[in-house]
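Each of the next two complexes has subunit A plus one more chain, namely subunit B in the first and subunit C in the second.
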Partner chain A sequence: MIYDLIFAPFIEFGFMRRALIGSLAISLGAAPVGVFLLLRQMSLMGDAMAHAILPGAAIGYVISGLSVMAMTLGGIAAGLAVALLSGVVSRSTALREDASLAAFYLVSLAGGVVIVSSAGSMIDLFHVLFGSVLALNNAALVLLCTVTSLTLITLAIVYRPLTLECVDPQFLRSVSGLSALTHYAFLALVVLNLVSGFQALGTLMAVGIMIVPAAAARLWAQSVSSMIIFASAFAAISCISGLVISFHFAFETGPLIILIAGTFYLASVLFGPFGGIISNAKIGIQS
Partner chain B sequence: MAGVSLRNVTLGYDTVAAIRDLDADVSDGSLTAIVGPNGAGKSTLLRGISGELLPLSGHITRHAPNPRDIAYLPQQSSVDRSFPITVKDFVSMGLWHQVGPLGGIGSRYAHDINRAIEAVGLRGLEGRSIGALSGGQMQRVMFARLLLQDAKLVLLDEPFTAIDATTTADLLNIVRGWHWEGRTVLAVLHDHDLVRSHFPKTLMVARDLVAHGDTAKVLTSANLLKARRMCEACDRPPEICEHKFAGAA
Partner chain C sequence: MKRMALSLSFVLAATAANAENLKVVSSFSILGDLTSQVGGDKIDHSVLVGAGEDAHVFQPTPQDAKTLAAADVVIINGLEFEGWLERLIEASGFDGEIVTVSSHIEPIAFGEDDHDDHGDEEHAGHDDHGHGEEEHADHDDHGHGHGDHGFEWGGLFNLEAGTYNWSFAKVDGDYADPAMKMVILAADDLEAVEEDAEGLLEADTAGSKSDGDTLSAANMAYSLTFDASKEMTVFSVEISEAGTYAFFTEHMPFEFEANEHFFKDIAGADVEPIAQEPEMEHGHDHHGHDHGEFDPHAWQDPELAAHYVEEITEALAEADATNAAFFKANGEALEAALIALDAEITAAFEGIPEDSRIVITSHDAFQYYGEAYGIEFLAPIGLGTEEQPSAKEVADLITQIRERGVTALFVENITDTRLIEQIASETGAEVGGTLFSDALSDANGPASTYQDMMRHNTKLIVDALTSGT
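Moving on to the complex of A and B:
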């Protein structure tokens, strides 16, 4: 029974095994990036970046069809361009970074939708927005695993300055010149993970697997390292159960994965031992 | 040597000067209070000395040119208190100049870290989240980090504001310890009684230099009146400086 429900789909179907590997790679790479996005209070920035990569991916698609390489390079270029431009604008004008980023990503999103819808069909747009985790080819799998490896190595290197940049940015600037470098390295990781994630989950859902498990993890952990472990675990469990359930009930996989992550989030909001509603109420009663 | 020389220094934001043509020599190893009315430019002066703010004109010479020799505690700290980090890990950041971005902290510095936490009276709270600390305890944590920075020049911006008397007394002991060890300490302070009893030197500013020297000679009612008068001028819009601000914001 359990075998039929959970294991059989992966054993019998190659596309399910590919989806499993791809989504686990995303869980290991994107969830830690999401933890730092959350701790830098930039959760919505991930959302903005996800929209910003769309025109790049669309141009890649127009040039060479559903090619992983072309769409990835285009997405990375568009994402980095928007990140850098909004950084430059906020440093040289009166606009704050969130305002300039919002302006750039909305323009970018509009451009992306125009390009996709004029050059392709609605099915293509659907693919780009929601991904196709059940149709990952070799190139996409290699991309996902490469980005995850690169992410984990980079995070290991910038872990200390990035933590400082989150907890006390002024102090980091006073003791070292690494602040800007750390910031841009981290933005690059965000873009890379969104671009690789959208192969599987689409631009809209890739940011979900980044932020939702991280938000849930915050309520279970009191250190960055344990937050990362919780977030990756929540993401991985969401992916696996999302794949299994969508296999049996023919739901759209990407959004289902995020819905399950959302269930973890809601449960954490209620039961999370560090700042969850019930634990807060207990503290309130005690004091 | 970790004294500071200010030559004709104008400091400000954009084109507005908060400190104008200031000349002063803070001698090496001195313990100096910076006092003055609200809006006199005290914090701006400290930011200038720390190197965070570049002067619009004039020269600031620190006889400790290496950034690692300067420790600066800003008034408005940028610390995100909701960040999940323990007291011990937070204090350990003071070791940045020793360990850099990649060096291990491990057992080599465990003794130093424990000693710093003990010195500020937070023994037993090493594992607590910074979000769970009171305001006074958090300021003790900031001082523990300053202790680990082991800097020759220590700059404190209103370190005792909104902090209970016990904590102030404990932290003052640490400041005195720095003075005794020969470090140069500059602190922006409001409490004149505290300055009189603990700070040998005082630098009084009101956009401009009012007086600088032994506290007893500087902190007089005549000087305070003069500073207030000068700052009535401060209440008017500050004059526009011709030099365009060149530093990073």
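Moving on to the complex of A and C:
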């Protein structure tokens, strides 16, 4: 019974196994990145980035046609450029990071639209570039797993300065020259995770799996490391249950996974021991 | 940019060469090719959605609006294929004639090939459509209006005594025909009175009726004239005794449906037939008159494409009387070529057992082709390019491919190929190449004209279906 419900789909169908591996990889890699984004109050960056990569993808398309690899590389380049430029602007001007990011991504999107339309093609680049969790080919899987490994290694290296930067950026800047480097390395990780996620899984799922579990985890833990563990666990559980439910009930898979992550988030908002509504109310009564 | 400049300079050059030519705009490349074959060098022709471009996501430019505004005739497919075009035409200030080439065909409803239930029943049902010669014989009726039956449509209704309203509305600014005949008979089933109806419709003794007149079940045919000054002509139908009544019409009543159902009771509630001829795939009952309920890809059947050509020829001949003979000669030659093409394709599939004529594509655009040649097309993604399948749908499809030994998997020229490649690697079926559905290839490609496209598609499908055996 349980075997038929949960294991059979993965044993019988290769695309389900691929979907499982791909979504677990992104859970491991993107969810921790999401935790840091959340702590830095940049949770909306993912959506901005989905648009910011368009000119890169368009240039990739103009140069080598409908090659997913060329378009992905172009997308990563454009995403990095936008992330780094907005980082530079926010560090050297009075503008905050969200404002400069918004400005850069809109300019980037506009540039992309102009390039696409002047290339004379009406092909919907977004549609070609943004994949589906059910259609992971070998290249997409390799990309996802490589990005996840890279993310985990980089996070392990910059973990301390990055945490410090989240909590008190001024302090880090005053004691160490590594602050800027940490910041840019982190932005690069965000872009890599997003673009590879777009290509393999689609926009909604790439951004959703990065942000929603992290937001839920924030309400269950106080230390950054436990937040990361919670976030990855929520993400992984959402992916597995989303795949299984979508297999049995014919819901569209990507959105369903994010809906389940959303359920975790709502439950956390209510019952989360650190800052959830009920725990806040209790504290209110006690004091 | 280059392409736009090219087509623009082409238009300009052609205009300079002959200022008197009719200016014709077709909505997309396949219609464009048929129109070019009819119009030849006697029209200045431009195409909005060019070869290899996806009409589903087309974004018009100001240049397109300018081209439209200057046109005398605009040729569109209809059946909601060019959803964006209505607004563009309005915005451009175009005031010429819009020709909807699909307006007199019998469209196939969406979702006919629901891939949830492909058991044996499905197969039996499929045989009913008849894919042999017979099917082809009566295919002509659908395409060309008045066939040997004298009527195009018959419907059986279960009615209480009382008054009903039967309405004929203008679609896209015109009635599908300015007049037509109709017969109402008390009958228990359609087939019993079919011949009577035929006799009445063919006799010259029709009583003529116009807007507001009353019809009743009588042993006579009515000749209905539609009021061109109104958006809708309504006849009241008097039923004196409760019972079942058969209605026969020279055109499909749906061709005269704009926003509401054609038959209503006095309170305004829709009245649906309990039986129809030809049978509708999903009945007519649960269609809510939403737009886009029919599959627009009718050109995939060459006989229907021949009918497209007839419409195009008529429109061009009407708009430019001096060249009418030229258009008619071209049009007739092209129609004959398409009928021959149809026979050629039918012959190509001979020898392939119907059971094994199963093909998977990434975009559900071949219902008409499948209907014409007895091929079952399964598509993991529904119509349009926006939808994503659920894991269940993909799994069902894979199971089905394995169970029925499907060997033919195709990706089309416009949609994302990764999903279908994934399914191929999972089932061991071969990916058969690129079928062209909604757009031609450019001049150097394998499908630069309509006929080439149909031959290319047929060759690929036949090769893939026979590769495993």
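Simple rule for what comes next: the second predicted complex is superposed on the first by the 239 of 287 C-alpha atoms of A that agree within 3 Å, B and C clash if a C-alpha of one lies under 4 Å from a C-alpha of the other, contacts with A are read in each partner's own complex, and residues count from 1 in each chain.
Here, a residue touches a chain if its C-beta (ideal position, glycine included) is under 8 Å from a C-beta of that chain, and two chains touch if they have at least 3 such contacts.
Just so we're clear, the structure is a prediction, and the values are computed from it rather than from any experiment.
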_Just to be sure I read the superposition right, which of the two partners does A:P169 touch: subunit B = first, subunit C = second, or both, or neither?_
first
*asked:* One more residue to check, A:V88. First (subunit B), second (subunit C), both or neither?
replied: neither
*Now for A:L266: first (subunit B), second (subunit C), both, or neither, which partner does it touch?*
neither
*asked:* On the A-aligned overlay, A:M69 touches which partner chain: subunit B = first, subunit C = second, or both, or neither?
replied: neither
*First (subunit B), second (subunit C), both or neither touched by A:P161*: first
_Under the stated touch criterion, name the partner, subunit B or subunit C, that contacts more residues in subunit A._
C
_Shared contact residues on subunit A, subunit B side and subunit C side combined as an intersection?_
none
*What part of subunit C is in contact with subunit A in the complex they form?*
1-4, 49, 52-54, 57-59, 61, 385-386, 388-395, 398, 414-416, 418-419, 421-423, 425-426
*In the complex, go through subunit A and note every residue touching subunit B.*
39, 41, 91, 157-158, 160-161, 163-164, 166-171, 173-176, 178, 218, 221-224, 227, 274
*Considering the complex alone, what residue numbers of subunit A touch subunit C?*
9, 12-16, 18-19, 68, 117-124, 127-128, 131-132, 134-137, 140, 202, 243, 246-254, 256
*Report the residues of subunit B in contact with subunit A in the complex, numbered from low to high.*
50, 52, 67-68, 70, 72, 74, 77-80, 83-86, 89-90, 93, 96-97, 100-102, 129, 145, 149, 249
